[in-house]
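Quick heads-up: structures coming right below.
After this come two complexes, each holding chain A, first together with chain B and then together with chain C.
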Partner chain A sequence: MTDEPLLAIENLSVSLPRGGDRQFAVENVSLAVRRNEIVCLVGESGSGKSITAHAVLRLLPPALHVAGGAIRFKDTDLATADEGAMRALRGGQISMIFQEPLSALNPLTRVGQQIAEAIVTHAGAKLYRSELDARVVELIAAVGLPDPPALARSYPFQLSGGQRQRIMIAIAMANEPALLLADEPTTALDVTTQKQILGLIRKLQAERGMGVLFITHDFGVVADIADRVVVMRNGCVVEQGTVDEVLRAPKNDYTKALIAAVPGGRPPTTHSQALGSDPLLEARGLNKVFASRQGAFRPVRRVPTVQDVALTLRPRETVAIVGESGSGKSTLARMVMRLIEPDTGSIDFDGVDFLKLKGAQLRAMRRKVQIVFQDPFAALDPRQKVGEAIARGPMTYGTPAVEAIADAKRLLARVGLKESAYERYPHEFSGGQRQRICIARAIALKPLVLVADEAVSALDVSVQQHILELLAELREEMNLAMLFITHDLRVASEIADRIVVMRRGEIVEQGETQSVFGAPQHAYTRELLEAIPGRSLFGRPHEPSANVCFA
Partner chain B sequence: MKNLASFLRHPAGVIGLVILTGVVVLAIVAPTLFPVDPWDMVAAPFQPPFDGETWLGSDMLGRDVAACIAYGARVSLLIGVSSTLAALAIGVTVGAVAGYFGGRVDDFLMRFVELFQTIPGFILAILLVATLGPSLTNVILAIGAVSWPQLARLTRAEFLRLRSREFVQAAVCQGQPPMSVVLRHILPNAVSPIIVTGSLMIASSILIESALSFMGLGDPNLMSWGFMIGASRSVMRQAWWMSVFPGVAIFLTVLAINLVGEGLNDTLNPRLSRKARGA
Partner chain C sequence: MSVVAITRYGGRLSAYVLGIAYGAVKIIGVILVIATFNFILVHAAPGDPAQVIAGQSGAADETLLRQIRSAYGLDQPYLVQLASSLKKTLTLDLGYSYRQQRTVLSLLLERLPATLLLTGTAFILSLVFGTALGTIAGTRAGKWSDTFFTIVSLLLYALPVFWLGLMLVLLFSVQLNWLPPFGYVTVGVEMTAWQRIADIASHMVLPTLSLAAVYLAIYARLMRSSIIEVKQQDFIKTARAKGVTESRIVMHHLLRNAILPVITVAGMQAGAVVGGAVVVETVFAWPGLGRLIYDAVLQRDYPVMQGIFLVMSIVVIGLNLLTEAVYRMVDPRISVRSVR
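And then the complex of A and B:
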């Protein structure tokens, strides 16, 4: 590590357009990235971390402008450099990788060609075809993809999310950059893939002595990858230092709160009453195959999504269904809701076969099982007042309007919002507040079962903590049984009594939370547990005090 | 209110709205402005415009061209609006049913829509009016019958998009019956593009009506712009005013409606409009 910084951001301010909720998106930010080190820029949504990284390459949205400060890369001031010089730097000396590799790749061009394009754009002299091909194959091999010549000929849609992100990294590496900007590159990936990608970035960085500015919201990822950490809040840097200083002995209160909010470190929630003994909901032999027609004369494509799944839920019990994307956990939840009809199987729910019900009987039963969705922005009708969204459910079942409205106001207060929220529209609320509204809407019908489909996954970690607490409280107050769908094992460990691990549509392991996390039986469960980021610092779920020394 | 304010910031839309208001006012005050029946002879035939007793001259039978245009505005607007309403009633219903229920129902209804789309619209309209007889109701029905497939497809696409949205699923889980889900949650979120397409459809309906009248298939009791042009086409070289003024009336009205429609589009669907606004 040399002391001379590669990238030095000095007192950078980026102004927001008038009428925003604050004057600057980023205010007086100073940070430095040296050669051969990874600096993590960490913060919650709206903290200005992405804006800071985008300002380095001058990729700010048109309404935002650099209002002051300097961005020095080697000897160039990027805030004042002309457009030609910036073009030469982008993808050359400074590369960037993004969160969503599918939208960052051109869907109609073979990936090999996209890597070649990055080389040709910055090549001074004309390259021979064979030289170029060799370089592309070499890059694909360097990011750890199998059979590089064949892979170069594939299109982005033929690759998995992790493979696409590797291709994006290959493109970023094409011109031996000195600095890599990584904007949440693993957020959209599964936890096992995330582990591989983080390892790859670490390896490439060490081999090439690159400086990396790594943006993330996840302290687990920070603990795994960073040399130094910069914590941002509301556009300002609140704390920076080496990873050990910041994560093990944070000085700033906000940093302390953020680290404390990382799920899994707190003791699991407890029940005030014993769980029921007879199953409330018992699903048997559930199967679902999605069939898609690919034109009149071609065979129907069949994707088995859920295969022979059996699930029981006792009164007041919380069962977490964990698994990676494509494991069929959301499809299972939607089958329990009867939003998706299973091909075969039965669901005994509160004494009746739920799957056989139709029409009025089905509607009468629906109120007993309610759902909270992942994305609170999509789950509320933008043209319906918040209070009406909550009161509408009970009104459908014959509650008089006056009573339903009073009830809705009481519920809004219960989930931590003001009663005046009743008259307002969803766009006036933040993500966490909207999720509270969604919870109020679900419990307004006094259900027996609450399905939470990744209900805290889209939220910032501090908001996540509050929503989990709220759910745990409501569970006790209303005697709810919960089916908690999540990909985050730490979250599952905090709230669940029992864990069900799914992979490719099948249940591979289930059991009490303690035993599944403490002594996992199936290899896949162990793989999932191994892949949780930041285990060195935060420990495994149910093992709060981690005294493992830092590597 | 916010929509109105942002519509008023759209210059082309405001120009369109001003012209359109002019046409509507003309249609309303026609009987006061021209108390005589537009079909009556009021002057010598072939009087040129801007001199003598008529403003815009007289036609081959001595009818007042200005009066004809004023009364024609009533017919054009009436037919434009009511045939669009007819098309909306059919198109939105068919599209909503197809998009909400999907599957076989959707397949069947879409084949039916395609059947209509394969027949050239104007020829179907001629056929319908010629068979049913040229009356106001039949003209409206004929225009409605050729315009609805476009609205059906649009409504279906919006319904397909919205029906898998989570807030719609949440409403289903709340136990709301299908009718309530459609009317409370899907339709209100689909209404903006339907309004825009509907407003542009008024313009095309006016054009179809003019073309039908030009061919002599309009209601024989109603004065219409298309009929005026059709009747005077044989004397166009001697008396230009007889066809030019109703032509200008059609042009201005259709232009105005299109400008208003575009203004509505930019106001109601800001994300789809051509002018990208800063995020």
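And then the complex of A and C:
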């Protein structure tokens, strides 16, 4: 590692348009990336970390402008370089990869062509087609994808999320860049895929001696990949240093709070009363096959999503269903709610055969199981007052309006908002606040079972922590049983009494949280646990080492 | 991109052909349904079907009516009549216009080319210029050129076709005397082939412009909003991060993605363009199907109305099939994921 910085950002400020909640998106930020090192830029949403990276390539949204400071890459000042010089650097000397691997690729163009475009754009001389093809295939092979020639001919929609992100990396690597900007490249991926992609970035970085500016909100990822860490908050750098300095002995209070908020490190929540013994909900032999037509003369494609699954939930118990995307965990939860009808199987819920119910009886049972969704932005009607969103449910079940409105206000206060929030609209609230509103809406119906479908996955860790605490409190107050669906084992370890591990529509392992994490029986469970980022530092949930990382 | 060696339709060819075949089957089905409607139309019209077919003017004498009854099998049971009428439709026997003293088929074949020429030109013009204007406006959203084109397209959209047609005639034919005000060709003049083509083209200018104006405005508005939406997507940022030039981003990444909704709407509008021809052809005395249907309705010439109904439906279905084929070419996801 030489001391000469590859990228030096000095006192960078990026101004926000007038009328924002602050004047600068990024204020006086200084940081450096050297050759052959990975610098992690960490912070919560709105901290300005992504904007800093975009400013380097001058890819800021039109409303944002660099207001001051310098960005030096080797000998060029990127803040003042002309557009032609910037274009030569983009994708040539400096590459960037983004968070969403699907939307980051042109849906109408074969991935091979998209890689080729990056090569051709920066090729000095005209390339022969055979040469170009060979280079594309070589790049696809370098990012560890199978059958490169065939893969080059596929379209983005034919690839999985992990494969797409590998293609993005191949595009970024096309011209052997000196610097890679990676903007949350693994956030949208499953843990096992995330582990692979992190390994790939590490490998390519070491082979080529690249400097990497890696943006993430996940301290687990930081622990796995970073050489140095820069922590940002509200557009300012609050702390920077080597990964050991920052993670093991953070000096700044905000850094400490963020690290403490990383799920899986805290002791699990407990119950004040014993769990019930008779099952509240018992599902047996649930199956669901999704059929899709691919054209008039093609056979119908059948995708078994849930296969022969049995699930029990006792009163006051919290069961976490964990698994990767496509494992069928959401489908299972929706079948239990009868939002999706199972093909076969039976569900006994609160002493009734739930699947037999129709009409008014079914409607009466529906209020006993409520759901909180993942995306708090899409889960609320943007044109309905939040108070109404909460009060409408009880009102349709016959609660007088006056009472329902009073209840809604009380619930808003209970979930940590002001009663005056009743009259406001969803867009006036942050993601965490909206999720609180969604929780209030769900519990307004006084359900027996609350289904939380990735309810904290879209939130920052500090917000996530508060929502988990709120859910744990409500569970006690209202004697709620919870089905907690998550892809994040660290979160599951904190809130669940029992863990159900799903893979490809089947339950591969289930048991008490302690035993599943302490002594996983199935290879897949072990694989998932291995893939949890930051194990070197934070340890495995429920391991003695878990809480001593920065004592 | 030309540089990567790939066969465009490699593995998708079979799905492509099957899709088209499926469309052809659909066409025949729809033709049969239309023929059934045609049958009902005549029988639902007040009075004796034979009189309806002869044209309700009372001019037809008993011999003619008897002739029609036996020719159309009107003395047979309904189902037999329906079957024979379907069979006639499939063999392109569309009946006889007693009003015009000609077979309907020969009437239609004589008028169809003029309509296809007019509507086809108007459709292509509006599509090409509409997407071009929309692209310019969309890529410059918020700038003065965007505002200008937006206002122009709104104006065009708001103008009634017949009014625009008459105003164009007043300006370019009556005042400036640049273009012929109506008709298809200049009658009674000896011309070489090239002169004849030029003559028809000059006759076409005004009706085509009036017909194209509205659709041009629709496509421009649609393309503009589609461009603005696609412009914000991540893959545009990816292209920029690759160092691709702005012009290539527009041509290669933006246009192709943004044009998808325009293709969908254009396919649906194609039928409306043919319908819009009725007004334009009447205003400009254009000897096409639109004029024919106008006259047929006034004269209650049922066999002609039935024939036009059938032909227009086939044209519209054909255009929809074409749209689908174009869509399949542009968007690779369609062959795998069903459109409907």
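Methods note: the second predicted complex is superposed on the first by the 543 of 551 C-alpha atoms of A that agree within 3 Å, B and C clash if a C-alpha of one lies under 4 Å from a C-alpha of the other, contacts with A are read in each partner's own complex, and residues count from 1 in each chain.
Note that in this section a contact is a pair of C-beta atoms (placed from the backbone, for glycine too) under 8 Å apart; a residue touches a chain by one contact, two chains touch by 3 or more.
These numbers were taken from a predicted model, which means no experiment stands behind them.
Once the two complexes are laid over each other on the shared chain, residue contacts for A:Arg414 go to neither chain B nor chain C.
When the shared chain is aligned, no partner comes close enough to touch A:His522: not chain B, not chain C.
In the superposition on chain A, contact of A:Arg284 is made with neither chain B nor chain C. Of the two partner chains placed by the overlay, only chain C lies in contact with A:Asn106; chain B stays clear of it. Of the two partner chains placed around the shared chain by superposition, chain B is the only one that A:Phe373 touches, whereas chain C remains out of contact.
After overlaying the two complexes on the shared chain, residue contacts for A:Arg153 are found with chain C alone; chain B is out of touch. Of the two partner chains, chain B is the only one touched by A:Arg392; chain C is not.
Residue contacts after overlaying the shared chain place A:Arg266 against neither chain B nor chain C.
Using the contact criterion defined above for the overlaid structures, shared-chain residue A:Pro382 touches chain B, although it does not reach chain C. Taking chain A as the reference, the larger set of touched residues comes from C, when chain B and chain C are compared. Residue overlap on chain A between its contacts with chain B in one complex and with chain C in the other: absent. Looking at the complex, you find that chain A touches chain C at residues 57, 59, 87-92, 95-96, 98, 100, 103-110, 112-113, 116-118, 120-122, 127, 129-130, 132-133, 136, 152-153, 155, 157-158, 168, 171, 174, 292-298. Across the complex, chain B meets chain A through its residues 165-177, 180, 184-185, 188-189, 278-279. Residue ranges on chain A touching chain B, taken from their complex, read 17, 61-63, 337, 339, 363-364, 366-367, 369-371, 373, 375, 378-384, 392-393, 396-397, 438, 441, 445. Residues 1, 3-6, 10, 15, 18-19, 21-22, 233-235, 237-245, 252-253, 256-257, 330-333, 335-338 of chain C are the ones touching chain A in the complex.
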